[in-house]
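Dropping the structure in here first, questions after.
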Amino acid sequence: MQTVFHVSTPEDVRVVVAKVRNLLADESVEMESVAAVFDRGEAIASLHADSDLAGDLRDLLGEGAGLKVCRNAARHPAVSETDLLEGVEVVSSGVGELTRLQDEGYAYVRL
Amino acid sequence: MQTVFHVSTPEDVRVVVAKVRNLLADESVEMESVAAVFDRGEAIASLHADSDLAGDLRDLLGEGAGLKVCRNAARHPAVSETDLLEGVEVVSSGVGELTRLQDEGYAYVRL
Amino acid sequence: MQTVFHVSTPEDVRVVVAKVRNLLADESVEMESVAAVFDRGEAIASLHADSDLAGDLRDLLGEGAGLKVCRNAARHPAVSETDLLEGVEVVSSGVGELTRLQDEGYAYVRL
C-alpha cells in the first residue's frame, strides 16, 4: 500500500515523524511507498540541514520515505532550496503532487 | 485529474483561493475538475456576494471551480442562501458530497 | 459508499458525532459503511464508558458506525483499553487503518 502525509506546520512535522514510524512498524499493512508533502514555509524550514528535526527527517529518508516540498512555499524568505537536506524533492506544487499521488492510489492522511 | 478541497474556516477560504490557483497553474497535472466543499457557517459567510473575498471567489467560479455549500451549515444565522454568490451550489450535506466526489475518483485535500 | 473520519481532538469528537449523523441522514448517498479512527489519547478519552460523549458515541455504534482506536495512542496515561465503550475496536496503528480503509475504497474526511 501507499500513503501520502500532508504537512503544513512545525507541529505537523514532529507528528509526521512518529506517524511514518508507526506506519512502517505496523505489520498488518504492507507498505510499498510512503511520502510526505510539505506545503508551507514554516514546515519546510524543518527540512534545512541544520534544523532540530534534521536527524529524524534524515532517518525517514533513509527508511525510504519521500519528502517533497512545494516550490511555491519554498519561496518563503526563511527557506532556501540549496539548504534542504539531501534527498528532499522540490515539486511544482504541493496540491498538484497530492492530487497525482492519490490518483496513483496513495491513501491521504492530513496531519 | 480531479481534486476536492475541504474548507471550514475563514482562514481556510483565503488559503483555498491560493491553492486552487496553484493547482490550475501547475502544468505537471492536467485538471479536469476542481471543487471546494464549505461545511461551516463561518466559512460559508465568505461566499456572500458582499464578502471581502467575493471577488477572488467569483474568479475561481469563472475559472470553472465548483463551490459547494453544506445545507446543514448554511442554516447558520449569519448565512442566507439567497445572499450567496451566483453559481455557488447548495448540497444536501458536506460529508455526503465529499464522499460522493472521492467515490468518483477525486483526490481530497483538507485545508 | 464508505467513509472514514480521522479524529484527533476532543472538539473533533463532538464534530464527528454530528457529521456521521448528517451523512447517515443524507438520502443522496447510500452508505454501506462508516468508520472513525481516533489517533490521539485526548480524543480516545471520550470513548471511555463514563465520558460526557459516551451516550452519543454509543448511539453511533448502535447505528453501525465503526469506532477504531490506535493502539499507540491508547498507551496514553489517561486511557485504559479496558475502560473503552463496548464495541470500540483497537487497531495496531491509526495510520495503518486509515491506509487500509482508503485502499478498500473508503472516502477520507479529516475533522
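Every chain is named by a letter (A, B and C) in the order it is written, and numbering of its residues begins at 1.
We adopt the following convention: a residue touches a chain if its C-beta (ideal position, glycine included) is under 8 Å from a C-beta of that chain, and two chains touch if they have at least 3 such contacts.
Keep in mind it's a predicted model, so treat the numbers as computed, not measured.
K.L.:
How are the chains arranged in terms of who touches whom: line, ring, star, complete or other?
P.N.:
Graph shape here is complete: every pair of chains touches.
K.L.:
Give me the C-alpha superposition rotation for chain A onto chain C, in degrees, nearest 5.
P.N.:
120
K.L.:
Whole-Å distance, chain B centre to chain C centre, using C-alpha means?
P.N.:
Taking the average C-alpha coordinate of chain B and of chain C, the gap between them is 26 Å.
K.L.:
Scan chain B for residues touching two or more other chains and write them down.
P.N.:
108, 110 - these are the residues of chain B that touch more than one other chain.
K.L.:
Where on chain C does chain B make contact in their complex?
P.N.:
Residue list for chain C touching chain B: 1-3, 19, 22-23, 25-29, 31, 105, 107-110.
K.L.:
Considering the complex alone, what residue numbers of chain A touch chain B?
P.N.:
Those in contact with chain B are residues 6, 70, 72, 91-96, 98-100, 102-103, 108, 110.
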